[in-house]
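Labels A, B, C and D are assigned to the chains in the order they are written; within every chain, residues are numbered from 1.
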Amino acid sequence: MKPNIKNIAVLTSGGDAPGMNACIRAVVRTGIYNGINMFGVLQGYQGLITNNIIPMDARSVSNIIHLGGTVLKTARCLEFKTDEGMDLAYENLKLHQIDALVVIGGDGTFTGARRFAQRHQINVIAIPGTIDNDLYGSDFTLGYDTAINTVIEAIDKIRDTADSHDRLFFVEVMGRDSGCIALRSAIACGAEAVLLPERATSLDELIKQLEAGAATKKSSSIVIVSEGHKQGGAYDIAKHVKEKFNHYDTKVTILGHLQRGGSPSSFDRILGSRLGYAAVNELLKGNTQQMVGLRGNDIKLTSLDEALTEHSFKLESDLLEMTKVLSI
Amino acid sequence: MKPNIKNIAVLTSGGDAPGMNACIRAVVRTGIYNGINMFGVLQGYQGLITNNIIPMDARSVSNIIHLGGTVLKTARCLEFKTDEGMDLAYENLKLHQIDALVVIGGDGTFTGARRFAQRHQINVIAIPGTIDNDLYGSDFTLGYDTAINTVIEAIDKIRDTADSHDRLFFVEVMGRDSGCIALRSAIACGAEAVLLPERATSLDELIKQLEAGAATKKSSSIVIVSEGHKQGGAYDIAKHVKEKFNHYDTKVTILGHLQRGGSPSSFDRILGSRLGYAAVNELLKGNTQQMVGLRGNDIKLTSLDEALTEHSFKLESDLLEMTKVLSI
Amino acid sequence: MKPNIKNIAVLTSGGDAPGMNACIRAVVRTGIYNGINMFGVLQGYQGLITNNIIPMDARSVSNIIHLGGTVLKTARCLEFKTDEGMDLAYENLKLHQIDALVVIGGDGTFTGARRFAQRHQINVIAIPGTIDNDLYGSDFTLGYDTAINTVIEAIDKIRDTADSHDRLFFVEVMGRDSGCIALRSAIACGAEAVLLPERATSLDELIKQLEAGAATKKSSSIVIVSEGHKQGGAYDIAKHVKEKFNHYDTKVTILGHLQRGGSPSSFDRILGSRLGYAAVNELLKGNTQQMVGLRGNDIKLTSLDEALTEHSFKLESDLLEMTKVLSI
Amino acid sequence: MKPNIKNIAVLTSGGDAPGMNACIRAVVRTGIYNGINMFGVLQGYQGLITNNIIPMDARSVSNIIHLGGTVLKTARCLEFKTDEGMDLAYENLKLHQIDALVVIGGDGTFTGARRFAQRHQINVIAIPGTIDNDLYGSDFTLGYDTAINTVIEAIDKIRDTADSHDRLFFVEVMGRDSGCIALRSAIACGAEAVLLPERATSLDELIKQLEAGAATKKSSSIVIVSEGHKQGGAYDIAKHVKEKFNHYDTKVTILGHLQRGGSPSSFDRILGSRLGYAAVNELLKGNTQQMVGLRGNDIKLTSLDEALTEHSFKLESDLLEMTKVLSI
């Protein structure tokens, strides 16, 4: 049975990610193409509560596909975790006669969306938008590809100067609970070693790897450190290594928030477009409390229940194995 | 049965593509890791015939993962199409006791590889390396992702200046027989229209689309033209459109060979690494006359016979459909 | 004597150039810092005539310093060349009590500004904003440095694939009357030859140069062609060369309007900031009918009269001489 | 009197800087063009002592103009500071009959060059190559422009995510004794505040500035911290600010060595070409113990004595003043 959906709103929530604007554009235009009135909610769930909701036409999303960040802004919102907050949000949606919601964000965003849809009469589709790639149900989350490209461009520059035998570069990348960015970046820039939150690589092990590299006359050594590593950040680890190897000149780069920004890669623009297009089409088919994600080359649905309870180890273990072989 | 492979050579052939160096590095290091002696052939099949073959160690592929082009060079080689050419090539391989060959390239490269392996006692694995994405058996060929990123970076710059209502920008991209680059670029840069070699879009249809855009007050119009389009290149099409719409100021960009170059994207570096790693592993398992390709997120084998005879329409038709919706 | 200036407007006119937004930001904020009410005119002189004039505060120019194009838009305006057009424009300025005008643009923009200031009681400072660097009174015009960087990034990519001896790449760059972009790009990318509108390089001479390069075993040849060259554009010249050297494989790239866009380089952002800052300060000192320009490292005034009548050959002849030596 | 120079060697020393390869290319080719035999010394002064000296022809510097780092490598060399080290170096130069030396580097490189030329019969011209711009005698040192561009590209990405009112981004840039990179980067990215080693900005002052920004509803605040700042690096300063403003969410990026790398900007490629070209021409005119530098738009000589004793405050104070106005 086709639902009678006439008005749809879209919002971005949580940390921003490159590709969110391409996704917003696709949501808005797919809706309009199908005769739906489209709305944008500013500053995530906060904007639902404060009624910061604006109508959007096809031109309102012109010339944004290539921009980093999100034109709808994002904010953390504790109030939406309360029943009172959700009720306020729902009242505002009613004011605009909004029947359905597309939310773009990460784990926290999905949790909020599920609780909201369970409490109130509103259809919700969620889109995985986070650079960390730490969501179940999509092989790649929106922003992940761009973030890796940002990291490797930075490391390519470091490699230019990494030409003496006794230099060690430590580069800290994002991913508090997920080593996805670290692992793919390590492969793509040919790093000598990578420290992941999911793996308890001891410093002794790291030092052994670096010694092996020195023995085969590597002209430089770059170590990627995921910010969530148990032995500390890049500074701490560099300090420990330096203590054991004081002839090494250790240098540290902390990439920080620059990994969240930048013009999205073609991959993320296309992924964002496909996910936004699919989200609206799924709402129009009557689906709700689902996420749309990329599986292989196809866009597939996963229920929010499944997405939020599955915590399978997402790190690609075959790639991890390959790293060892290719960094000889 | 495991083959007794001791020496493997790698070559690149045909048009070069970003990611080839990452792939060469992976082939060489995976071989060395497995105790194989590795060789590089310079200038493709030409180098086999002229015995331009050099030993490669792990350090010989250091600091190349981020470079465009191919350190092994490439060349067209008519002589390899003859039996005499192939026999000369085989003799040179024998000189170095080379048992197996990894070739990286496109359609022509694969054809040569298959004929060579059928004529002589040599195991061959082929790796799809071409920006055009026009090979069966791999969802993405090596260099395709980088080429699309190169195109959209160029078009983003054009969009900066595309702010008056009466301007039309025509951008010609590569892909003589394949509109893959054109289609994905069009989505990723939000183009108003795209002309593909696979689709006989008439100029009338194009003009209708442009008029529709003007009616909805689009602030700019960018048309992507695949170089193989039947009605001519971007210049010809711009001229025809101009004749009908002489109030339009038409501007043309021909991207040309810059689409083949540039530092590979993370996607292509990882893809090149995985394909190179897989190619050697497959040879060591005894496989031959196969290509390794990306299907979904996995690396899979396809026989060269199948790869060279299948000519299914590769253009993603769901994406083509989506383009119309998103360019309103 | 200090003038009694209370309201200043800023506009961009002619072709847009990277750095214009940095310049607008500097004009607006320097005015506000000095207690002036600031206005922006949309779409250049056209906006003066149609009264498309908006007030601007410090926040209205936030987050634009890094954007290509111009947030104030630009347009060609024939009407402003007439007395009636100028009178209408002046009336609109009076409506807003605007006492002074900062115009950013090229030759045509300056001509309009001078005539307007001569006819009406309005103080005007002009800022040289054009990628072509074809204005007297500023060693570098706004956008020139970014345009050169854009060109060399494109050519670097071409060079990746330029590895066979019998290939010739022709790249057409902007500069109808001025070879400045062509010359500096040629040096910066190590081109083998450059064809400038100011120099009547015959094709025979070009071919001699290319032959000399071939004799010294150059692995590639890139020829930069300025769009204003008397023997035609890159396509025509490539065709002629091909006729004489049919063993050469000639490839053509037409960069076109992408040279006008892109995020401005640090040089152009700083230059734009300095020129905008100086323009307002000069108005406040009582100066008018002047341009602000970069001479050496200093910002200096030149009268519009002088700027518009001087047509000295701006091409740096020492650099042209150097090109020959460095391309051996 | 023209000296009888037949053999010239070139080396790079100290920290590497983008543009060094463009400069090496110009030195080598200008020498060859003038009939000189050219040599390259590997790993700076170390290579003089170990006789790591190779002949260079015009092709040996092909396709390097766009590369970061230095193909001649660089190294620190304590031994060259001793008389014995210098004597060994001189003997090696004699072996190759090298009459003159071009050295590219910073302060330490210049000091070594002067002492060497004073002790031994060798003509020396020095070229200012350092990203820090901390040398007297050249308005811009080689690599400075590229480093600023690298910094602002990073900060542009941070700005994408800097959209909430209570976020403060601290970015640490290079320049232990010189705030040049910090100052120009701050202008070019529109930073809210900049902390320089040359200025004792107290934290109270910084906090006042940030409060003023908050009062005018700035949507984000970025503070550039030069690594040499007396109150510590970005982490320390962020920590102190956080203590006073615990409702601020502070984020830190340490750019580190990536600022030394990357493909040189057009400015640095042209500057490197001009300086290399001039260095050889000056040697051929008989000049020695001089540096070549950029003053305004011209290449001028400064004696090494003057360059090494002048320690005028190089920070552009007019730009510092402007920063305050433009960051309102």
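By our rule, a contact is a pair of C-beta atoms (placed from the backbone, for glycine too) under 8 Å apart; a residue touches a chain by one contact, two chains touch by 3 or more.
These numbers come from a predicted model, not from an experiment.
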item: Third chains touching both chain C and chain B; value: none
item: Whole-Å gap separating chain B and chain D, where each centre is the average of the chain's CA atoms; value: 39
item: Distance between chain centroids, defined by C-alpha means - chain C, chain D (Å); value: 28
item: Gap in Å, rounded to a whole number, between the CA centres of chain D and chain A; value: 36
item: Residues of chain B whose C-beta touches two or more other chains; value: 156, 159
item: Overall pattern in which the protein chains touch one another (line/ring/star/complete/other); value: ring
item: Interchain pairs in contact, sorted by label; value: A-B, A-D, B-C, C-D
item: Chain B to chain C touching residues, read off their complex; value: 15-16, 18, 67-70, 73-75, 150, 154-164, 169, 251-262
item: Residue ranges of chain A in contact with chain B within the complex; value: 22, 25-26, 29-30, 32-33, 58-59, 62-63, 65-66, 139, 145, 148-149, 151-153, 156, 159, 184-185, 187-190, 216-220, 263, 265-267, 269-270, 273-274, 277, 295-297, 319, 322, 325-326, 328
